[in-house]
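Below, each structure is written out as structure tokens.
Heads up, the next two complexes both have chain A, just with different partners, chain B and then chain C.
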Partner chain A sequence: MTEPILSIRNLTVDIPTRHGLFQPVRNVSYDIHPGEIRGVVGESGAGKSMTGNAVIGLLDPPARIATGEVILHGRRIDQLDAEEKRRIRGKEIGMIFQDPLTSLNPLFTIGEQLVETIQLHLGLSATEAKARAIDLLDRVAIPNPSERFNQYPHQFSGGMRQRVVIALALCSEPSVIVADEPTTALDVSIQAQVLDLIKDLARERQVGVILITHDMGVIADTTDQVTVMYNGEVVESGTTEQILGAPTHEYTRSLIAAVPRPTLKVKRFPLIGYGGRATEFKIADLARNWSKPAPSKSGQLVEVEGLTKRFLERGALLPSMRRYFTAVDDVSFDIRDGEVFGLVGESGSGKSTVARMIATLYPVDGGHIRFDGDDITTMDAAALTAYRRQIQMIFQDPFSSLNPRMKVGDIVAEPLRHHDLLPAPDIGERVRELLDRVGLSADAWRKYPHEFSGGQRQRISIARALATQPRFLICDEPTSALDVSIQAQILNILKDLQEHLGLTMLFISHDLPVVRQMCDRVGVMRQGKLVEVQETDALFAAPQHPYTQELLGLMPKLDKLSDEGLATEAAGV
Partner chain B sequence: MLAFIIRRVGQSVLVLLIVGLVAFSMFRFVGDPIDNMLGQERTIEDVERLRTQLGLDQPFPVQYFKFLEGAVQGNFGVSFRQGRPVAEIILERAPATLELAFVSGLFAIVLGIALGVFTAIRRDGIVANVIMASSLIGVSLPTFLIGILLIYLFSVELGWLPSFGRGETVPIGSWWTTGFLTESGLKALILPSITLGLYQMTLIMRLVRSEMLEVLRQDYIRFARARGLKGRVINFRHALKNTMVPVITVIGLQLGSIIAFAIITETVFQWPGVGLLFINAIQFVDIPVMAAYLMLISVMFVGINLIVDILYAFIDPRLRVAA
Partner chain C sequence: MTDAPLPDNRPTERVPSAWSRAWDSDLGYAFRHSPVAMVSAIAAVTLILAAIFAPLIAPTNPFDPASLDLMNGFTPPMQPNAFTSESFLMGTDDQGRDVFSTILFGMRISLFVGFAAVLFAMVLGIILGLISGYFGGWTETIIMRAADVQLTFPSILVAMLIFGIAKGVTPVEYRDQMAIWVLILAIGLSDWVQFARVVRGATLVEKSKDYVAAARLIGRRPFSIMIRHILPNVLSPVLVIATISLALAIIAEATLSFLGVGAPPTQPSLGTLIRIGQGFLFSGEWWILFFPACTLLILALSVNLLGDWLRDALNPRLK
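Moving on, here comes the complex of A and B:
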């Protein structure tokens, strides 16, 4: 085997705090060889990014490297002073961040940002630097590089921006690239392109890549070696085949088991029980105090017909001069009683807009939405209030969907008070019951949202949504912001609720494996149009529409993952 | 872009018309100017003659229209007290106020931005903390008190600087006089400029600091560091430009208020500017002067904000495309 380009040896990072010393990274070691992609996987807070930052000397004070060594080309770099570390950054170690929308300075053209970096590291003249910048843009497959050189970041799409970020990281031919969640913010088709680009870099230019991610699919598709981190420590390292196919550590096994598979539908997700976290909680008597909704008249709870939504793109005084963007274009589907209907598609495909129109958050521009036979587009105010009580929504971001100034008890009680469903003295009792139903402790009601983790907050959102005893629940990317083990937990709760309370659900996601696990039928959206509606099993087995086929083809292959723990669950229930 | 500017100009004109209405209604509703202009010994004929002469016998909309017509041409009527055209009086006084506003605005902007950037970069430094703490004085002390304290220290105790007036001035062209060219003129500018600009300076500084701290937390600053850029380039090229986008709006508003608030400073320092003129006009219910001053201030406010809006689009490329 060749000499490693970069070695991390027994790295420990200290953060002194008022409550004593906190060590987010403890005793971490791994090597990067030329042309090798090493995946570093783990949940949020596992210390993956902190390790990456420590390597390139970007730790934010007061965090500092306490012990251990970072060796680049045989030379220790962890002890260099700030100025020498700066010289290495960008020149010998490049970095790619998660969110391409915020990684580029909005006020400078991408050309200015490229030339600035090239001139700094290579000392070229302005014209030479420009030529090189255009060459780099060409290399990361940006069309018309000499024109786009003079454009600002906001004129690029997300995927194109991430290419610019990669071009910036490549400015001076670094031998190592640290890619921190490089595709997490991107759509699946763009993710595939960016990962291909990173793979090409490793193969053709013999760059060593540290790929930090929480996504097992990305690991399975891209990496050669994998390091699994948990709670600041490396629990397991090895080749990708070995770690995914035959994990030896209990944590790795539970992590892999919690990954939703596109191929196999499980009844419930096995939950990560390692380290005493995120275990299954007992939910006693889900259906207590819950009157199961009467079946709808026609068997179709929601009927959507010819639904259209246009957004004003450019305003003008004359109607003929106005330009519109059609976000949802003539979409029709039905959702049966007690069914989970999935809507999938890439960002901008209009799936959330459909949900918002059903929830009456957006007015409808064309078509009809019928709920249990009644057209909501022609309802009067009183009927709409009654309708809104029967539908509730769960949003993607559990951090911004809860008012930080309200106590959890008030958040959950708000729908009850708003719709005047219970006499005031009974509300407290009902709130505690709702919180209990989603597995939160009895005293949760008097705390504030910031005292809870992302998964717990999403459970608060669910409790709030259940307060009015809705018949129909809209979940808009309910788990996209969560770690895989927490995702498994939330999906299990949703499955239980759906089953025990007879809820009908509209489940929106860009994550095909999750949709596969949750939905009875799935609609695929693209550019505002619904291209295909199918039973879930049929859709995944034999997609009809070319776009669906393409989407499924881009899905990361998870065949390498061990099936351990899944089969028994699937068979046992 | 052009449509954007036209729209903003249209809005500005509307604002000016409304201010004009307010200014003009003073004639109508704040006392009777005839009472002030003619003494006790007046006759009914005198009153009627003056009323006709001043056009006060015509219906309100006609008077308003005539007032606007005059205002557009720079004709604000005749001062009740001095009997000279208001425009002439204001023009005579304007250089003093404008020079004072210019120097204190420059002082506020340059020092405010520099100190703001410094305190943001050296967030935990002792010097930065001392600056931040003492900036509270600038925000919390009223202008007249600062002026009086400065006069006491530098004029009365130390005797370095004059305590009132503009010093010697040199005429430039037909009506402009400047204090920039004589030593006594420059000396006389120092204390009033600091007094007038101190509040704006501390405000700009605190704003720049908090905006800069916000910007320094952004991903693109992190990414700039990851690219190995030098600290100086990151702070003054990448961070400062982003900091300035919101700061410029506030600076625009503040420059307007520097001119408007010059009244107090001018009174404290007996500065022969428009503000002092306005104070005297109020004492004598000299309505044409008051109305003209009101119009002048609003033209300045609206004009500065218009420029700021256009400047905004130049700094931020995202607005350029959207507009």
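Moving on, here comes the complex of A and C:
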């Protein structure tokens, strides 16, 4: 084995707060060798980004390195002063951040930003720097680099922007690159391009890469070595095959078990028990008080026909001058009684817009939505109120879907009070029952949302959605903001809702393995159009439309992952 | 329901009082560690309490002609009068009124006008800001363009204009009684714009959050969403502006009164006192101007510093 380029030895980061000392990173050690990609994986708050920031000297005060060493090419860099660290940063250690939108200055052309960085680090003349910049753009596979050189960041797509950020990181031929969630904000197709580029860099230029991510798929696809972090500490380190295939630590085992697989459908997700975080919830108990609705007249609870939505792109006084953007274009599908219907697609494909039209949050510009035979686009106010009582929605971001100034009890009680479903004295008891059934503590109702974690908030959202005893639940990316262990929990609750309460669901996600686990039938959307609707098993086994085939092809391969502890429902595809 | 009621009476940790919770909160912590905030809070609270309890503190009642002795006129501070050998902390004015007492009573008028004007501007601004932010479209265009137009005039000019019109339509016999309320209206109307702008901006942000969508999905009406859901979430920037506006409103009132278009001489505010005092400045009776002016300075400065600190404390990113 060659000498490591970068070594982290027993690194501990302190943040003094007025409530005492907080150590987000404790005793972390790992090495990066030339040409090696080290994945650092863990859930949010595990300290993986904090370690990365400590290495490149970008800790925000009052956070500071308390003990430990960072050694670059045999030289300690953690004790250098700010000026020397600044010189190393960018020159010897390149950085790629999560959001390509904010990593580039929108007021300068791509070329100006590259040339500035190149001149700063390498001291080349303007013409030499420009030649080098164009060469770099070419290397990160930007088409027509000499033309693109003079364009602004907004003229690039998300994936190309992230590739420009990589070009910026490569300006000064760094020997190490720290990539902090480089593909989290990107669609799968773009993610694949960016990861391929990072792999090529490591192989061809012998760059060492620290790849920080929460995504097991990215780890399995890209890395050579993996370090698993939990709660500020390294729990396990080793080669990717070893960690994913035969994990030894209990946390790693349960983390891997909680990752949804594209190939096998599980009945329930195993929950992460490590650290005493498993939560009991008793959806089945709710069924006792649940008046099961009569089956719909036709067997189709929701029928969507020719649904169209246009958004005003440029306003004008004269109607003929206005320009529209068609977000949803002539979409038709049915959702049967009691089934989970999935809608998948990349960002901007219109899947959330469809959901919001069904939820009456957006007016419909064309087509019909029928709920149990009644057209909601032509309903009067009274009928709409009755309709709204039967549908509910669970939103993507649990941090914005609960009013921060309302107590949890009032949040869950609001639908009950508004629809006048229970006499006032019974509301409190009903609210506490709902919160208890989704696994929250008995005094949760008198706290405010900020006292709860993301997963707990999402469960509060579910309790609110269940308050009116709806027939139809719309889940708009309900787990994409959550860690994989919390995702498993929420998906289990949703499965229970379908099984015990007979709820019909529209499940929207960009995550194909999750859709595979949850849905009976799936519709694939692309640029506002529904390109394919299939039974889930059939879709994954034999996709018909070329776009579906492409999407499935880009899905991360998780066959390196150990299958230990998975209760499978059916054999894989 | 077959379940027994959930046991809610089990022992919980002692609930701390509202005061100790506020003292221990992040805001309380920031307050305890800011000497500027502490000093200005003490100054502002002392002045406000002095104004509230003026009738108890003031040695004389400056509005009771019976208690005035013209012989006491122009007594310098802390010196016995040549005729009556009475001594006054801050001296007396031309009519023998104790300056200290007039300041205490004048501050009452200034603070009352200031608080009432800010309250009026705040309510008006919040309502218009919420409506324009939530509904958008033509409503927003009209309200916000009106706000823009008003911003192009200096607010003191707007206040004088409103004051002049209001005075013109009030019958003569009610003018003195109405003067204070007209003053409040004038300052309030010249000050609503910044409330409306801030509330509109914050409303636009809150409106796009999912909890508003959730409330709409439940079937809540727009006004109930605005009041119950959005309003509580846009209040913290409003609080900051209200504090800073209070200082500005006190100064605006003083300016109007100084120009002679504000509080009538029968109900002198700090501005009226300064106007009276400046007539004697060059004849050597400096204290008649000096003490009311200092009081106004300390009051406005302490409230303003408090507002500045509050803005920084509520928005850590500004530091």
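Everything that follows uses one rule, which is that the second predicted complex is superposed on the first by the 552 of 573 C-alpha atoms of A that agree within 3 Å, B and C clash if a C-alpha of one lies under 4 Å from a C-alpha of the other, contacts with A are read in each partner's own complex, and residues count from 1 in each chain.
What we mean here is this: a residue touches a chain if its C-beta (ideal position, glycine included) is under 8 Å from a C-beta of that chain, and two chains touch if they have at least 3 such contacts.
Not measured: the values here are computed from a predicted model.
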| item | value |
| --- | --- |
| Which superposed partner A:Gln392 touches (first chain B, second chain C, both, neither) | second |
| First, second, both or neither for A:Arg457, with chain B first and chain C second | neither |
| Partner chain in contact with A:Arg432 - chain B first, chain C second, else both or neither | second |
| Which of chain B and chain C A:Lys309 touches, first, second, both or neither | neither |
| Partner chain in contact with A:Glu414 - chain B first, chain C second, else both or neither | second |
| Partner chain(s) touched by A:Arg38 [first = chain B, second = chain C, both, neither] | neither |
| Which superposed partner A:Arg471 touches (first chain B, second chain C, both, neither) | neither |
| First (chain B), second (chain C), both or neither touched by A:Leu402 | second |
| On chain A, positions contacted by chain B and by chain C | none |
| Chain A contact footprint on chain B (complex, rising order) | 218-220, 222-231, 233, 237-238, 241-242, 245, 315-318, 321 |
| Residues of chain A touching chain B in the complex | 56, 58, 86-91, 94-95, 97, 99, 102-109, 116-117, 120-121, 152, 154-155, 165, 168-169, 171 |
| Partner chain C, residues of chain A touching it in the complex | 18, 288-289, 356, 359-361, 384-385, 388-389, 391-393, 395-397, 400-406, 414-415, 418-419, 429, 432-433, 436, 442-443, 461, 464, 468 |
| Chain A-facing residues of chain C, complex | 1-3, 5-8, 12, 29, 209-211, 213-220, 229, 232-233 |
